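The following pair of complexes shares a single chain, chain A, combined with chain B in the former and chain C in the latter.
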Partner chain A sequence: MSWFRITLHRSAIGLPERTRGVLAALGLRKRSQVVFHPVSAQFAGMILKVKELVKVEEVDRPLTPAEVKAERTPEPGFWLESYVAPLIVCWCKPRGT
Partner chain B sequence: MSRALLCSVLELRAPAATASSMRPCTLQLQTRLFNQTAAHIEPTMASSLPPAPPSKPRRDYGKMAPPKKILPNPPRPRVPTGPTTPPPTGPLNPSVRTLLPLLASQPGHYLSVHIHGRPYLVTEGDSIRLPFRMRGVEPGDVLRLNRASTVGSRDYTLKGEPWVDERLFECRAIVTGSETEPMRVKEKTKRRNRRVVHKFSKHMYTMLRISEVKICKDVVEVEQA
Partner chain C sequence: MFGAFRPTNSMSGGLLWKIRWRLSQPQKQRQRKRLRAVDDVVATISKALAKKGETLKQLERWQAEMPTEAEMLPKDKYTIFDPKEKRYRKAIHKLPKWTRVSQRLNPPGY
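Presenting the complex of A and B:
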């Protein structure tokens, strides 16, 4: 089963209630939000109603919100090679917090 | 008028009351009135407090056992302790193969390293103030920076697409400590309202010192590794 990956590219500010209702039905609250819906005539119709605002892609499987967030999180760009023991030993908090 | 006196006065008004109908307390009061004074007992802490309600479990599970505590996932390390992605393999671009030794042979080099996606143009000996406090590091820790979008020298520039191959350079930074910004105050208020809330901010920032910038000279060795 394939899925629509729908991204809200344009905001709904200033748009009529009907259009806002369609976005609410799709689950799109904010700009750049990504939602996944199965490919069917109902969802295709909703997308066509707001086709000027969204970007759509067909994918094999839906991503979880955590996976979507991980996609846009940049890499740290570093890693800890070596560390020293702290000079002042604090028994309350673990190291580095 | 005290209760004891009142009771005694009422008794005197109704002398027909028999001994059986008499309330026992009045007898005590009458005797106490003349012969005894009420003992003054210091109230203890325990007696002054209201009596503790009987202990009752908050939820009555009945025959079911109370739910077990669900332990959260093990906490993520604050700082990665190894490269997050495996180092790239495969042959290098032919232009890199030919020109990198020339770049490496020049005296000074600079890198545009990316920490959490933000670029910092650095060379050896530079101090960077990161716009955040890096958690999980202490002063003296050595960080290996492996994301660079540009590596350059005076006459040559190596541009990554989007990153320069990790195997071609080495960049190490030492955490020197953290510093704070001057205290700043935000006044929050509404129009025609005299109440002003003052919010104080004093953020901390981690300082790094770039201790090492090395460009690899042996391209063949890199390719074979």
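Presenting the complex of A and C:
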């Protein structure tokens, strides 16, 4: 089973109520939001109504919200090669002095 | 006198909009890019539905009637029919929401 991966690319501000209704029915609220819907004539028709606003790809499986977020997250900028336990230093006064 | 808030004609109130009568070269380039993006969406949907063996009347009609970006004439890409205009054509950026609506066909003969 394949899925449509639909990204809202252009905002629907100022467009007719019908157009905004279709976006709401697809579950798209804000730009760059990604939703997945199964490939069927019903969803194809809905996408065609808003084809100027969205980007569409065909994918094998829907990604989870966590996977979508991981795609969007940039690299941290550092990589941990090996973990070194922190050295605990005691600044107490030694006994007997 | 200078800067963003200088008292030019368009800044001192009144209904004076600075919109060129024709599109600039980058505007035309972006217009072509948007047309191709819509073509891509239609192609993706058509391919996905064909794999499942489903059909959609709306999609078939679009493919039969609407030219793709490559098939369109430059005249239709950048201008639009208007009965009130001299020579019946005006630049497409006069169309409200022109970057988010599909306007590909014009009356035959114009």
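Some points to look at:
One rule holds in what follows: the second predicted complex is superposed on the first by the 78 of 97 C-alpha atoms of A that agree within 3 Å, B and C clash if a C-alpha of one lies under 4 Å from a C-alpha of the other, contacts with A are read in each partner's own complex, and residues count from 1 in each chain.
What we mean here is this: contacts are C-beta pairs under 8 Å (C-beta built on N, C-alpha and C of every residue); 3 or more make two chains touch, one makes a residue touch a chain.
Owing to the predicted nature of the structure, the values given are computational and were not obtained by experimental measurement.
Counting the residues of chain A touched by each of chain B and chain C gives the higher count for C. In the overlay built on the shared chain, the residue A:Leu80 is in contact with chain B alone; chain C does not reach it. In the superposition on chain A, A:Phe4 makes contact with chain C only, while chain B stays out of contact range. Interface of chain C with chain A (complex): residues 34, 37-38, 40-42, 44-45, 47-49, 51-52, 54-56, 58-59, 62, 97, 99-102. Chain A makes touch with chain C in their complex at residues 2, 4, 9-10, 12, 14-15, 39-41, 44-45, 47-48, 51-58.
Of all residues in chain A, those touching chain B in their complex are 74-84, 86, 95-97. Residues 78-85, 113-117, 135-147, 172-173 of chain B touch chain A in their complex.
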